[in-house]
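What follows is a group of structures, each given as structure tokens.
You will see two complexes here that share chain A, one where it goes with chain B and one where it goes with chain C.
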Partner chain A sequence: MDILNALVAFLNFVFIPAAAYGAQLALGALGVTLIYGILRFSNFAHGDTMAFGTAVTILVTWALQAAGISLGPLPTALLALPLGIAGTAAMVLLTDRAVYRFYRVQKAAPIILVMASVGVMFLMNGLTRLLIGVDEQRFADGARFVINVRDFREMTGLQEGLALKTTQALTVIVAVIVVWALFWFLNRTKSGKAMRAYSDNEDLALLSGIDPEKVVRLTWIIAASLATIAGVLYGLDKAFKPFNYFQILLPIFAAAIVGGLGNPLGAIAGGFVVAFSEVAITYPWLKVAGYLFPGWEPGGLLQLLGTEYKFAVSFVILIVVLLFKPTGLFRGKSV
Partner chain B sequence: MKKLLLATAAGALIAGAAGAEDIKMGISLGFTGPLESMAPAMRDGAKLAMKEVSDSGLLLDGSTITAVEGDSTCADAAAATATVERLITAEGVKGIVGGMCSGETIASLENVAKPNGVVMISPSATSPALSTIEDNGLFFRTSPSDARQGQVMADIIMEKGINSVAVSYTNNDYGKGLADSFQAAFEEKGGTVTVNSAHDDGKADYSAEVAALAAAGGDALVVAGYVDQGGSGIVRAALDTGAFDTFVFPDGMVGTALVENFGTEISGSFGQNPAAEGEGRDTYLTLAEEAGYDGSGAFSAEAYDGAALMLLAMAAAGSSDPGTYKDKIMDVANEPGEKIMPGELAKALEIINGGGDVDYVGATSVELVGAGESAGVYREVSFNDAGEMEVVGYR
Partner chain C sequence: MSDAEKAFGKRGNRDASVVNPRPAGTVDGSRRSGPVGPGREGDPFLIGEGMSGGYGRGPDILHDCTIAVEKGQIAVIVGPNGAGKSTAMKAIFGMLDLRKGSVRLDGRDITALNPQDRVKAGMGFVPQVNNIFPSMSCEENLEMGAFIRDDDIADTMAQVYDLFPILKEKRRQAAGELSGGQRQQLAVGRALMTRPSLLMLDEPTAGVSPIVMDELFDRIIAIARGGLPILMVEQNAKQAMAIADKAYVLVQGANAHTGSGKELMNNDEVRRTFLGG
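Presenting the complex of A and B:
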């Protein structure tokens, strides 16, 4: 019984939150890695693209709610998602046309593109705030829980409770579907193969008749879709606030780099590595240990780092990986 | 323009002839910054008291009062110091209603008001540090110290039969001061604080903080934060993970937003916030409504009382010199004397001018204790099964 209690406490406070957070990071890191692999620069505007996409989706959600349309137990935002993606795709294609294409035609060094993306980041930052304001928005509706604590306790008779939020379950399911669709697209379709060819060797791809502008456009549209889906899932699960999307840029980059920049599989693994280390390192293991070793009474909370240092964990992982394995766990491109 | 100048000159002459003066009073509040939404109602409160006294014509042979506003920003101590410097040296104010937040108030008091010998009455700075500050008798506040709230909260929790709590506070002077004073009071009464940790406002996700609080355990969670900020995030995460069912809410959390956010989910939780009961407050609310602003805004009544106390003390001292009237503030605020309600400032001035004593009650049942701070009446609230907030009593 005690082992079960320990397991439930672990699931409730570590596994479920980290899995949902990891899925959100993985989707964000996929977008970053795709841009890096195909357009060959680190897109710092990705976090704010997520914010922009989420803001558009929220506005559409409100419109749907006002019209009385809902998805029953699922959040209405899922219905609004396609429109949000369309808006964001239009937005990033516009920035590509206005900013990045100029440098691409000039064959500018990647660092110049990175700096340009920082500029785009600030612009999008402001645009999102103009669109929806700086305040926190909660737009999750429908059923809040798949299992809530009280029901779980009554069902099992355990001392510890387990909560699984609809948004957490949804995050993981949507992430799995999106990742499957992306890999299918990259490996099975002609356009996907063209993208991979362009990523592997640009000149060879051009020689074999691949239209580079088409590849670039496709990449942006896919990156915008990933960003919007990641942003909406993050916003549904937590809360939408433009500043927070700027802050998760760091864990997203950490995830992409840990997995190996340019490697989609690495981005997913990286997302979960970063999420699980952040949660596990700042989680106090006292309760779990208490169930596993009933006689043992440690003085402290058995917490490696205070929760204030959560973001520092991504920094540390980033530095360690860059020092010892610059190409990342899954052999991406060297940074 | 010429006419106006002439009129002003003539007015000045007449006023001068009567021996009256134009007393400038400073209002230094955070009109911009994290509490900017609260500042206008506080300013209007202070101005209402000044206008009342000015219109009565009974203060110091018919002296008039002009309010001078300054922005203390709440968060930026240097900006607040510069503002108070301007009010005192350039405008020549005889007293200041302000500052608004604790850190900023300490800075402007020590750097400007104290060296220049000008009285400051803060309506809203509640840090326990201000109780013991060396102020040459120049600083007062019409709000209670958080040390007192810590005591009250400890009492309430104990009476509910809860002996062990976890504390999460917002990471600033207010949160830390309140959490520490509560912990001291609670442990003194024999309770246990399992963990006393900070949370930062404005984060998306508080599940890590709540996991730490849950691991430490406790029968209830004290949330010394802001309802529009991380405080609600902590409560939300604690409810979602089932970490705590019972919450204790100090003043930063008690508000209608709490009921809107959580409804029946927080049934059985309780809390307290400073709020005076009785007719003084009701009268003030009516006065404010007539004057065209919302008197129920946080600390608005305290600002009214702060301004009123300074002006009554001037009358009692027979001088608008801060060095002289500062000694009279405690006298007019406390017994003995005739009780003075809001809107009765003219009556109070008449009594004082006639040589009598007044006991200013005002909008917040003012009673200054210790080094010149409000003893503090707290309203105890609890959340019933229907998810409504109800007032249980006052202490």
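Presenting the complex of A and C:
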């Protein structure tokens, strides 16, 4: 039995990719959960907001690269991120003014807002494609690895290698900072508390002098920032393709619901639950098993599901949670 | 009921995995305030005079109803179910479209102000239900009560804690976990955080046990002794009249009897028709 090599293989192929993916999902789910808690509907356009934000960031990145500006070992996209966020925030505020506000003033039933968000989703979908095209874009530059396989082998003398991509490390670090900042904002600042108050009791918030439109605007700006950051990190880690961002909506919703809709802490936990399940179920465990049980020669790859089916995992988790713990792991509002 | 609701009912709106079941607000926050006019000579501290009106385009609920509160006094509105007690209070607070009449506070005519601006003008309002932020801690509830203030709120918070010691004990606990009586205390405390010049309570003792009710009445008297005028709607007419400097009996949205609490308690007609003997 070779536990060390098995552990390294596990870290390399399961833990690190899942942690990075989980962080991306968590950031996406946080945006969904915020909109749900404060504006009372599930925003189906969130995936395409991520795509739009990423597209803007990529365009700015290209401009920066053309101007010869870079961040050294870090991706230039980080430098472009603030502009991407600003563009996306402007876009969602415009959408709110043109679409959602109309229904909000009428106090329309929330399902109408859900349907409106589906329309916004298609619109944003097309807009992103017009802006940057339908093709795959790779925009990660700077150093590729923090630790690469050969160095790791030479360093440790183990047979199994371990690679940590810059983008993976960056994803986790940025996610931690963003989540900390968001919780600090919601729990410590007057504006953040006003958002929570509004989410608790709109009338009483109004009677306490909290301006509802200000709360709504702030919510959209935060959601747009979270979406852009999540989208850019996902794009750096893998690649940017508008269609993938439409698809990622499912795991993001699964994460938000698994954690309990409307509960920010739940969104984060849900992101990691979905990501780890997805990676663990689609990973061929043959190599790890080979180290752990040297005598055993199984017939297959020990892969529960092909990677093509990874979205099925989100679906199954979603259904299991809705059946057995409908309010989610962290007591949200989903039923 | 809108056309869409007639056709589709509540379909889709019960699925909490896509829509948040929390009800939307009912107060129209987009209504702008009109100008503040001058008050009239010899007005009481607060007066809602000759108020007629109802909700939205609905029928009138109030008919030429007049409610007044003098400085340093407790005024109560009592009356049978559906008499328009809460509606009268909402009218004074600006949550109702008045067709006739005016509301004047402290020498100003505030008829055209929306509820938010009436809070800024010095009214503290405690709704009957949904009067706290359930997922926030007690302390945060009080902080939100003081949202419009930019100065130091520590003193006011200490005063509220002195008045309601239980809130200090539970200040880190979520307000939704409090008992009914504690919630009402918190709701009153929240309204006091703006340092209002008038406190309006809509049935503060609804749904609490008799012991808690007595305690709440004690606290309310204590607040009034501190010099803050109070306007209160109450179901428990006897107890309310016992502490009232002035009582208004409303019947079908109009003033039926007015007088000091003692006078009305001794009034045969009020006793017979309303207090039950």
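As a convention for this text, the second predicted complex is superposed on the first by the 333 of 335 C-alpha atoms of A that agree within 3 Å, B and C clash if a C-alpha of one lies under 4 Å from a C-alpha of the other, contacts with A are read in each partner's own complex, and residues count from 1 in each chain.
Heads up, the rule we're going with is that a contact is a pair of C-beta atoms (placed from the backbone, for glycine too) under 8 Å apart; a residue touches a chain by one contact, two chains touch by 3 or more.
Quick caveat: nothing in here was measured; it's all calculated off a predicted structure.
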- Look at where chain B and chain C land on chain A after superposing the complexes, then choose clash or fit. fit
- Query: So, A:Pro73: does it touch chain B (first), chain C (second), both, or neither?
  - Reply: neither
- Message: Between chain B and chain C, whom does A:Asn201 touch in the aligned arrangement: first, second, both, or neither?
- Response: second
- Message: With both complexes superposed on chain A, which partner does A:Gly133 reach: first (chain B), second (chain C), both or neither?
- Response: neither
- Is A:Pro298 touching the first partner chain B, the second partner chain C, both, or neither of them? neither
- Message: If we overlay the two complexes on their shared chain A, which of chain B and chain C does A:Pro212 touch? Say first, second, both or neither.
- Response: second
- Note on the structure: In the overlay, chain B and chain C get no closer at Cα level (Å) than 27
- On chain A, what residues does chain B touch that chain C touches as well? none
- Message: Touching residues of chain C toward chain A in the complex: what are they?
- Response: 4-5, 10-13, 15-22, 24-27, 29-30, 115-116, 119-120, 125, 127, 130-136, 140, 143-145, 147-148, 190, 194
- Item | Residue ranges of chain A in contact with chain B within the complex | 12-14, 17, 21, 144, 148-150, 153, 161, 163, 165, 234, 238-239, 241, 243-244, 247-248, 278-279, 282-287, 301-303, 306-308, 310
- Task: Within their complex, state which residues of chain B touch chain A.
- Result: 171, 195, 197-200, 202-205, 207-209, 211-212, 214-217, 233, 240-242
- Show which residues of chain A lie in contact with chain C when the two form their complex. 36-37, 40-42, 105, 107, 109-114, 190, 193-194, 196-197, 199-213, 257, 261-262, 322, 326, 333-335
